[in-house]
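Same chain, two partners: chain A is paired with chain B first, then with chain C.
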Partner chain A sequence: MAEPRSWRDGAVRLTTLPLIAIFGAFFLVPLVMTAVLSFQGTQYYRLVWTWDLKIWRDVFSQWHYWSIMLRTLSMACICTALCILIALPVAYALVTRLKDWADHVTLLIVFAFLTDAVLKTFGWVLFLDRSGVLNGMLEGLGFGKAALDVLFSPFATMIGMVYSLLPYAIFTIALSMARIDRDLVLAAYDSGASRWRTLREVTLPLARPGIVAGAVLVFVLSLGVFLEPRVMGGGTSPMAAELIRQSFETRVNWPLGAALTLVVIVIGALSLALFGGLALGAGRRARA
Partner chain B sequence: MQRPMSRMFGPARRDVLKGMGALGLAGLAGLKPARAATRMNYMCWEGYDKASIIDPFEAANDVEVSVDLITDSPGGFAKLAAGAWRDFDVVSSDSPWIQRMGPADIAEFLDPAQFADVYGDFYEQFRAPFAPLEFDGKVTGLPTRWGWVGPTVNTEYDSLESWASYDNCFDPAYKDKICVLDWGDWPIMPMALHAGINPYEELDDAALNEIRLVLRALFKNTRAVVADLSVAQKGLMDGSFRTLIGGGTYCTSALRKDGMKHIRSIVPEPKNGLNQGIIWMEATGIVKDPSDPEKARALLRHLVSPEVAVELAWTEATCNLVPSAKAEALFSDEQKDVLQMDYMWEAWDKSQFHNVAPNIDQMLEIWQQELAAAN
Partner chain C sequence: MRKRGLIDFLLPASVVVVLVFFYIPIATLVLFSFTSSRFLSWPIPGFSLRWYGELLADRNFWAALTNSAVLAAVATVLATTLGILGAFAWMRWRFRCQRAFQVLTFAPLLFPQLLLGVVMLLWFSVLAGWLNTSPGLWSAVIGHVVYITPFAIVIVSVQMYGFDTSLEQAAEDAGASRWQVLSQVTLPLLWPGIFSALIFAFLLSWGNFYITYSLSGSARTLPTYVFSGIAVGSSPIYPALATLTFAPALVLIVIVDVMRRRAARRRAGA
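Presenting the complex of A and B:
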């Protein structure tokens, strides 16, 4: 039997070098450059090397930056919860009840997923508008003109976010559920467990890795959504990505944009650490 | 000590690229003939890159023009200021940014005497000395396109008279029927003027607070703050937006070109001694140390020539006025109608010129703050 390989093994460390190089070049170096940029200043729309805390003082003293960050965080949390709630039954159905149709349904989801984001977002505008397809149908059903006026609202932003990010949750959860040993589910039934109890005590715990992976993917991507709040949200509820764009482009304040970028990254990392800690604690309690 | 970032690099990137280009050419010698004797790099808005504009210049000057499109003027300025000026020869952008490029040491100052014939072809209003494109009496560029910022109205839903002032923007009867265009400072300036403040002058805290209050009131009545022109135009066409604020001719002309002549951009009547309209203008300048100054000047002259001005006025995405008086005779009646030429001097007379605003960063910050608190 082969010995388990350890990090002390030089060969193992060597094989990780390419990954470390890519990670360093395309993540760490840009991150350090962003951090460096946040300590500089601007003068006459040009970057000047000042090495001071002016931008950070500005970031921590302006409430509106934090209100936008809080809105972004709450929208990301709601989007993650909705995606998981919708993805769970869809993934379960794909793996169990719709096995014969799984390929076709997966193809449809992939097709929608790979369609250009701008096209999808503008499609939603045409669908949700006061004079759009949805309100046209509702009017035909007797609900009156512009019965559902949701476009250009945070609700519309949420529809767009969930629509764009749902496939990440569906596929990770479906993959996780597909690997569950069917005998374990059958054993639960044999032991007299109801369908609900089997789902709750066997299927969901075993699908946890996929649920967590899907949630992390959706949450991280939600923090950076740009098109949905800008186009479907009507711009009056800006989120972090728009704030950063405004700082870089409109205000030509690159140090401010860099500082706000770091704030979003830190908020995302801390949130994931918090959720990760809670999930780990819950798992330990369940095993105990 | 503060050092501009663009000055931190040693050899000019253009020189390095030239060297790399020479090496590449040496390697490819015999495999692929060069398309033109020289190459120029041109930073511009969409429309300036039309084949009918660039191709004749390339053919006449044996030069290959490589175009870099900008999507916003501040971004273009920032890119040049960060060091990209070494890579470019000519730039077309909004006039306040071209005006800034001279003193920022990223664009050449022009000798107006060299362009006397060009100025001679312009409308009187754009002839030298033309203050909006001067810094300390030195010329930073030539005007290429212009228009006005004012309410864009679909006359099937609203009369033009009802937009003789911006009062409707704050009228509860218009709640959720207004669309504000999120185009940098464009929507802020008309609102400041409506509040009785000239945003192009140095502002004190009280004036800035007044701008804050007017923006707050505007956002309360606004259905959407839209950056995308097609979304704004769609809403205007179907009546879900009664007017667009912060746009003007730039977003009207393409609709009028498509036959929607009932959509017009107007300028409100002067209020509190302040003209309420704003004249925007695009201009073209020569980037500092162009690889071939002669060719850079030739491209600049080409862009403002009457024949090219007509091409520049009439593009796929937007149609706009040009400063060339000689070009007017080359427009058809239909084109003149689309461009609202019958109204242009009335709009001019009722407008301020869009310029470098001393407090623009504070105003943009206020915009951010009020937008963050709007919902």
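Presenting the complex of A and C:
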């Protein structure tokens, strides 16, 4: 279907050059600039062109930054695990059991996904608050006042993160499960495999590219969450994005902000490269 | 048929639980938008439409609404146009360095949005210094385009997957010019995908907080208006705003679904 063409072809130029110009000028150039900026310094809230490694030494030597980075990483790992665990049965049910309803369910998830994130986190605050809907209902059931006081804790942050990233996991896994050849599953049944064994030895391995892709996507995006720790976590346990925002806005230390941004980007890129390769390899092996 | 076990109950139940989970905050907002009290606590003392009135009387709300509409309209048109171009370059041909092109045009989707915004802000501050302006809606438009275009490319590419090029060939053989083939055969066939991309892009831009927050300078859109509002103190006007914006979004998404289904039926019939 894809026809080989050269760069001299007018249509190829017409379709690629505008995109290259925009993504080059407003995506690549800013990335390079961030890298350059991280080697400069500040004095009296002003940028000084020093070209040294001072900021990088600070970033790696101060426990404060390490602790926030480690918290970000562990929150991202927990969030990824939860999203995959929840998404697996949901995607499986959508693809194999609920064929007539799958479209409507997908539509409902897409609508929730596309709704303004600020409003959604605010909705969670109203629900989880000490005097919110959840505690009001629990009180009605006889559990006493403010039975579940979870708002403004890392637990609430985690609810918010899973909430906003779960659709990515559901859609990538459902997509890879929908492409599994139904005959392979039926063949496994015919040769006497139990349902559990078929799931474990046929369906899950074949869906692995989707599972890995979903996990990487959730992990990388969860490194940058800001609204959830701020609004639902109450700012009590800041994560990397909050630290970056503070170094730009409150401390007006742009080189520091640039260096911290790069740390997160590099962690994300490394996990993408690592697991992306894994997903591709798994896909190739599954097809072979 | 195998006998029905616990699993046949658990799997559909997991879908129901997840849907409830997704709609908890949304339902909470709708509920609180009709409260008569100024405090957002449960149980609601009585129902009223008072907060809708207060919201509509707030001049900042109208300014934010206008900004959101302008930003989303411009970003949608640009991102979808680029998305169509990108989908052609992704799917129709093979050329040298195509992999690199695909990575470049897909990468922003893999970026945490706040970081994308911050990185672009650094560059826009420099640019604005040279051009003697400051970041504002214009930089937010560019930010939204960079963030949303990869989504548009993916959506149009999905429509392009399995595209029957023999139809174009037939039109060309019948003497149609390249432009006629494009406008009368190719684009109409891709229309369901383009339409979904338009709606998706609009809603992504409309609800975007992170990139607007980093790049829009002092201009406020609805999400940043709500963010700065709830930072100062919660008020029932925000649930009212949420409920007002849910309705049109829901209508748009249902339209997309109906279109997609009709296109699928036509394809199955053909």
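Everything below uses one rule, namely that the second predicted complex is superposed on the first by the 241 of 288 C-alpha atoms of A that agree within 3 Å, B and C clash if a C-alpha of one lies under 4 Å from a C-alpha of the other, contacts with A are read in each partner's own complex, and residues count from 1 in each chain.
Quick note on the criterion: a residue touches a chain if its C-beta (ideal position, glycine included) is under 8 Å from a C-beta of that chain, and two chains touch if they have at least 3 such contacts.
What you see is a predicted model; the values in this text were computed from it and never measured.
Of the two partner chains placed around the shared chain by superposition, chain B and chain C are both touched by A:D129. In the superposed pair of complexes, A:R182 makes contact with neither chain B nor chain C.
Counted by residues of chain A touched, the larger count belongs to C, out of chain B and chain C. Within the superposed three-chain model, A:L47 lies in touch with chain B and out of touch with chain C [touch as defined at top].
In the superposition on chain A, contact is made by A:V231 with both chain B and chain C.
In the superposition on chain A, contact is made by A:R195 with chain C only, not with chain B. Within the superposed three-chain model, A:L108 lies in touch with chain C and out of touch with chain B [touch as defined at top]. With both structures placed on the common chain, the touch criterion links A:W254 to chain B and to chain C. Applying the stated touch rule to the two superposed structures, the overlap between the chain B and chain C interfaces on chain A comprises residues 122, 125, 129, 131, 231, 248, 254. Residues of chain C touching chain A in their complex: 2, 7-8, 10-12, 14-15, 18-19, 21-26, 28-29, 31-32, 40-43, 82, 85-86, 88-89, 91-96, 101, 104-105, 107-108, 110-115, 118-123, 126, 142-143, 145-146, 149, 162-163, 165, 200, 203-204, 206-207, 209-210, 222-224, 226-227, 230, 234, 238-239, 241-242, 245-246, 249-250, 253-254, 257, 261. Per the touch definition, chain A reaches chain B in the complex via residues 41, 43-50, 62, 64-65, 67-68, 122, 125, 129-131, 152, 154, 230-231, 234-238, 243, 246, 248-254. Residues 2-6, 8, 72, 74-75, 77-78, 81-82, 100, 103-104, 182, 184, 219, 222-228, 230-231, 234-235, 238-240, 361, 364-365, 368-369, 371-375 of chain B are the ones touching chain A in the complex.
Touching chain C in their complex are the following residues of chain A: 1-7, 9, 11-12, 14-16, 18-20, 22-24, 26-31, 33-34, 37, 86, 89-90, 92-94, 96-98, 103, 105, 107-112, 114-127, 129, 131-133, 135-137, 163, 166, 170, 195, 217, 220-227, 231, 241, 244-245, 248, 254, 257-258, 261, 264-265, 268, 272.
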